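Multiple structures are listed underneath, in structure tokens.
Presented sequentially are two complexes of chain A, the first with chain B as partner and the second with chain C.
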Partner chain A sequence: MAATATTPGAPTSRLGKAATEFDDRMIVAGPVRRTLNKVFPDHWSFLLGEIALYCFIILLLSGTYLTFFFDASMVEVEYQGEYDPLRGTQMSAAYASALDLSFDVRGGLFMRQMHHWAALLFVAAIVVHLLRIFFTGAFRRPRESNWLIGVVMLVLSLLMGVTGYTLPDDLLSGTGLRIISAILLSIPVIGTWAHFAVFNGDFVGTEIIGRFYIAHVLIFPAILLALIAVHLLILVKQKHTQFPGPGRTEHNVVGNRLFPTFAGKATGLLLVVFGVCAALAGLVQINPVWLWGPYNPAQVSAASQPDWYIMFLDGSTRIFPAWDINLPGDYTIPALFWPTVVVAGLMFTVLAVYPMIERKLTGDTASHHLLQRPRDVPVRTSLGVMALTFYVWLLLAGGNDVIADKFNISLNAMTWVGRIGVIILPPIAYVLTYRICLGLQQHDREVLEHGIETGVIRRLPHGEFIEVHQPLGPVDEHGHGQLAYGGAPVPKRMNQVGGARRAIRGFFSPIEQPSAVELEQLGEGRGLAAGEASRELTSSGRPSDGGRPSDGGRPQDARD
Partner chain B sequence: MTTHDTRPGSAGGADTPGPLHGGPDEDYTPEQLAAMSREELDILGARYDGVEILHVDPGPEPGSRLEKRAVRQVGWTFAAAGISAFLFLVVYAGSGWFLPEWNWATEGTTWSALFNPLLGLFMGLAFALAGVGLVLYTKKLLPHETAVQDKHDGSHFDRVTTGATLVGGLHNSGLARRKLLTRSLGFMGAAFGLMLVAPLGGLIKNPNKGNPLGRTSWAEGVRLVRDDGTPVRPGDQEPGSLETVFPAVPGGNFQSDAATMLIRLRPEQVAADRPREGQADYGYGDYVAYSKICTHAGCPVSLYEQETSRILCPCHQSQFDVTQGAKPVFGPATRSLPQLPITVDDEGYFVARSDYPEAVGPTYWNRERI
Partner chain C sequence: MSTTNPQSDAPTDATSRPVDRARARRRSKQRRRVANVAGLMASLVLTGSLYSVFAPAQAAEDTTSESAAEAAGRELYERSCITCHGENLEGEPNRGPSLIGVGEASVYFQVHTGRMPLVRQEAQAPDKPAVFSDAEIEQLMAYVQANGGGPELPPGGNLRDGDLAEGGELFRLNCASCHNFVGEGGALSSGKYAPSLKDATDLEIYTAMLTGPENMPVFGDNQLTPEEKRSIINYVQTVKFQADPGGAGIGRIGPVGEGLVIWVVGIGALMFGIFWMGSKA
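This part shows the complex of A and B:
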């Protein structure tokens, strides 16, 4: 319906008229309002996935830039670029173009390093995001599908990494490719067929860089992009989880609306992530391919390590014993098969189906939108720490030669440390984590029951020494608090319940009146200032001893 | 007759109002909405989206010291971000124009070594400062509101009605009764799936045809040459040294599997040498030649420690003892490095007596059978 000037509420400003014209055609006012009004919970740990998303944007942009200059060809050429030490060397066109885009393209090296740094940060952000989801139980119903999509995206990002760092065709990446080739060959029965399908023949052939290239720039990113879209759509549809707290229930989300607060913070984070990647790209050198030289199957450098996210596989391969399985009929299952294909396959399968396993074991099939604190689910937390210990131990084993070198330890000893550690450390981690979880739980209960330790020791008239505790709520006849544990953090220090005024703002000189701050806090009924400030703590706190130490210092009422 | 009647479709929307939007548009007339303030409208719209604004902490009081300070902070941060972005431009475009050349590989000047770090510094600062400015803006100048949004479970009404439509359509299609149709559709689907996947068959190559895996260009009479193509004769190497050699065929030094280590044993090593069974005559004098390709994952084994006679693969630290037929003595490798039988030709240069007696490179399923 065309808006006319006579309609009440018709826009009078130019912007308003333009918006009306636009909405006449697109009918977006409703969805836009719903989007702007969407409430996002306010907690730093919800931003980890966003870091991964922003890294992916950097990867798309910088990667597209690199394709303008990169030549995914294994044709042998003689390098004639700017880099003196390699001029005249025979190398593949891929490596030559990687050198060219580093040395002959203005800002090309900066872009290449940004791409590499963003890739490392991308996988790291995904892993940390995954840990947050795992340890807080955010994968429980109804979010199992998003967990599954997330795991698939993690695997895809690893494949992106592997195909990506193979592309420059330098000595280091060629060594990695050789190991990839051996891993493919090690698969029982179909190993040689799989190898020939991927490499189009024996190692190394002339196809593999071109094939990895198209997988790296088209196939994997396209799938990843589609999965990111689905991941986010499901997230918007299901709404965020949130930590338990005042006013938060299974049926609401407490936080900030998208516009303007959350949009401001998220955009700020995006810019900071961009800034960090750009700074790393310029200031911290990464993968200086010109130092490694062109790939030559007869050469290798010491300390050949893959990027960090593949190092756990390198580590498992290093510490796995030399156990070929010889089957009748002269068939062999190579030792290499177990620590690579089987370990990685098992790890990601268990990860992917973990929500189903937990649902089966606990019988908890209800929908959950409130998160759990890791201490409240000790078994899951301990399993997670156990798996993490296993993973980190393998990752360290992937650098055991560097550790041996830097710390003057025998390499063989490092290998044995790796072998023994991978078996005994995860169970130890489980037991320790379990004890720590129970300890933290008990301490929460103790503070709820007896109050916060004030650090004030009193001597009662009859000679007894007591430490004064600040109850968090009303107490019973024995001085025991009656608040139940609600799955939210319990204040453990007096300052957290308003034992002290908030700091006066101002760096060099105060920019607000101290008295005004005190008044403000009195007005809000917060903290001890609200009426307890002048009261002496003289009793044990038991009602029978004549009163309670305080009832004004309760945790602040649900303020937000 | 008006134009509207003669030209159907030209009737303006204004003449024939369509059905009302329903929902809030019926509840609130334009007049009612026009009478409401912007704040009220905001809260009203939010309420329709299930959002309740619980609490608003207004930003700093306009004109207060607090506000002025925050505005100053945010403003300067944004300005600094702009300056950094501009400096990035100066470095990027100015190098080679009014600044020294950026290209360090040829010039090697201080400026060219600074070019890339400066790009990173300025772009990093620009983005990071812009981000920090925005966060400061949000935290210090915007009102802090706490909002609650209802979370709805799936609607029972939607489920029942959608289900009815779906099941109704399926029922009308009669697929449940018409077994022939379901079966032929299933068959067609399977055939289509296979047809669409089939072109991938172009990727498949039979690995058992042609030159088997792990065979190399070594053959009787092929000389052992260095990377630069020069042949090797006994006495060229010091005892205890190792040299990488390749078959003297075109492109031999780039073949993935042919690289070979020619090792001259020290006298003590010769005394301790226990070659593999049947390969006692593979060496020549105090020289032995082993494949350089690790039997574990195919990396070149390169690090030779004379004192212990061990060769170490830097990839996964398999260790091979050259005095025991290059048997693996530590690490994940299971097989000895294949030994190349060598001798000396008429001109006194090293040559191979044949190819390796077994496949070189990593183990695979049917390696023993090839």
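This part shows the complex of A and C:
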């Protein structure tokens, strides 16, 4: 021990010595130091994927609790639990245990609701994260593989959702299961076999809940967990993208170190996500299975919908015409096949291969670590908005009976609005987005060329009114700016420009001190500045009209 | 009903004196007249009573004396209903259906929920505050019941004394496909809808099942026995007034409301959170 104690820089505290002993054996100091010093760029939109990650953690924890009490069995039992309106009803053991979880298990209802809310939030966060990646071009080389993994994880999370939705075996989930069965059956050639493989017989059989349970609690989460690990490892290896800005290039990363800043923020966000899920679970009721009743194939309810992330497929099914294709020899391709298998297949295929499509179309095979502003890539942005319009329209069509009921609209009208809208709205969205992108681009260029609009109007001696512009940088002999557009946000308002001034921390964005020209304008308004032309124009300036005493001594000559 | 006998002067009497003969003729003529009238009356009464035996419903219409309630009901009917349902409850094409045989239960449901009188012709009559008082509704019920009969109100008693769990099962089997799991209502085709049962009273639910108003099928006592109807009412009313143990019920319509909440509240709150975090360097 004496040898180590005399080494220069050796730890003297007990903890430090213990750490040295540990490192002597494990040799981890190097990697840990590198990891802790890893720099992550800072932008609010980079936290969206983290929300999904934290939702997944909540799902694992609450789901584990639920497995202690859930019985994934389709054995018929008679309910004798706490909930009076169902006591004595025949139901599956799965449904009975879901009821017991809600009414008899301590904290069970809260956990069930938290699990379900977190699941809805999980997919929602994935979708928002995906939109951020898409619209900023973060999927470009070298990150195509991570994009692909992300799409696979999205599909897996949808499958997780579908299987989890089915487990309680209530009337709503059973209706969903019936539709899953119908979709499987609608697949040409292999449909019947696929159905038998999944259900082990005809609908509904006695096995499906058990099978979906294992898929839901083991198979899909295990794959998802592995993919999340790969997703994050690739992210660390390839480094995070960043928005262009001062000092940011394709070859560096500007941001905060993992420890302590980023770790502190991440922990904070984890707690925020946890808090939102817990608040929802405690305050807002979700999937009240006791109201739905046990599944019985003879029963169905109005307004039976899947959870929101599958609702786009329900919507496409609702608005698709009943076009069965009858082939010779008693073969039929049911209409259901197109809006479900084909539409979903096409949507996710196009989504998965979009990086390759864009690479082919633009011929851009270079590596990119700087993100793009959506306005600077109008075609991609417009395509994205077009696809999003299509998706959201299908989503709304999935709830068309509820919309019809709540807003007193004819359901037939809703169906036709869905059909016509899904064809004409996406192109309209494309054109509008394209025009908006070009307009924003033009305004950026205008600011760079002429400066920021100050809102200060001057009257020239010959009577012309002009607005004073504040150039962003040095100007040429015509007064035009010489700055090039660098892909970063261009300041548009005066108080965004004062980079040289001290920023006061605001709640969302820094509050900056007013710029020189604004202060001057303010002073003019109070009549402090000299010169008749710059006097306040909203009143006569007389004390009786609210003019200020300082104006009093000056001549009130003919102004109007 | 005045009767004259065409063969009144037939020589059937054997009296010699002309005066006697004339008197006798007059007497026999009177006798014959009385006999004829009596016979005709007897046959009419016989026919009438036979008719009333074989067609009891129609016989009621023949009675000219109506009760005070029916008269008052007729008065109300002629003021508020006659335009669409016709002078004799026979209905008017493209305006209103015949009310013959709909019964007092139907009148009770339609008028008590304010569906009738109709404000305008549309896909379906919406429920609104009742126009008539309970006494007036009684009179209308009496009038319609007197003219054609039909389903009557249940004899009274507690309409919720059925089995709760059985009621739930029957509700999900017969009612949920239009009225939703817990009676929140739902859309039907072409602007028609199954209304929410939120404001429905026991008797309104009972009479609705009995008479099948608007687009609802009739659940006669052969389809759902009175006991089963009371079970369903028990279930509907119990679940309606039952608190939501999980928090805010958000309409109890399932995933549509939940999806809205997660996007507006969940993602909204988190967006607020990350904007805030992003501004803290």
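By definition in this document, the second predicted complex is superposed on the first by the 492 of 560 C-alpha atoms of A that agree within 3 Å, B and C clash if a C-alpha of one lies under 4 Å from a C-alpha of the other, contacts with A are read in each partner's own complex, and residues count from 1 in each chain.
Operating definition for what follows: a residue touches a chain if its C-beta (ideal position, glycine included) is under 8 Å from a C-beta of that chain, and two chains touch if they have at least 3 such contacts.
Please read these numbers as outputs of a predicted model, since none were measured by experiment.
In the superposition on chain A, contact is made by A:R106 with chain B only, not with chain C. Shared-chain residue A:H195: touches chain B; no touch with chain C. Of the two partner chains, chain C is the only one that A:M311 touches; chain B does not reach it. For chain A, the partner touching the most residues, choosing from chain B and chain C, is B. After overlaying the two complexes on the shared chain, residue contacts for A:L440 are found with neither chain B nor chain C. Once the two complexes are laid over each other on the shared chain, residue contacts for A:L159 go to neither chain B nor chain C. In the superposed model, A:P288 makes contact with chain C only, not with chain B. When the two complexes are overlaid on their common chain A, residue A:L280 makes contact with chain B and with chain C alike. Residues common to the contacts of chain A with chain B and with chain C across the two structures: 84, 103, 109, 113, 256, 265, 268-269, 272-273, 276-277, 280-283, 296, 298-304, 401, 411-412, 505.
Interface residues of chain B, counted against chain A in their complex, comprise 12-14, 17-18, 30-31, 33-34, 45-46, 48-49, 51, 54-55, 65-66, 69, 92, 95, 102-103, 105-106, 116-121, 123-135, 137-138, 142, 144-151, 153, 203-208, 211, 213, 227, 244, 246, 253-257, 259, 292-293, 296-300, 302-303, 312, 314-319, 328, 330-335, 361-369. Residue ranges on chain C touching chain A, taken from their complex, read 123, 164-165, 167-169, 172-173, 176-182, 184-191, 193-194, 235, 238-239, 242, 244-250, 252-259, 261-263, 265-267, 269-270, 273-281. Every residue of chain A that touches chain B in the complex is listed here, in rising order: 1-2, 4, 7-9, 33-34, 37-39, 76, 81-84, 103-104, 106-107, 109-110, 113, 175, 178-179, 181-183, 185-193, 195-198, 200-204, 239, 247, 250-257, 260-261, 264-265, 267-283, 296-304, 314, 317-324, 329-336, 339, 367, 369, 400-401, 411-412, 415, 505, 511-512, 559-560. Of all residues in chain A, those touching chain C in their complex are 42-45, 47-48, 51, 84-89, 102-103, 109, 113, 116-117, 120-121, 124-125, 128, 171-172, 256, 265, 268-269, 272-273, 276-277, 280-288, 291-293, 296, 298-308, 311, 399, 401-402, 404-405, 408-414, 505-510.
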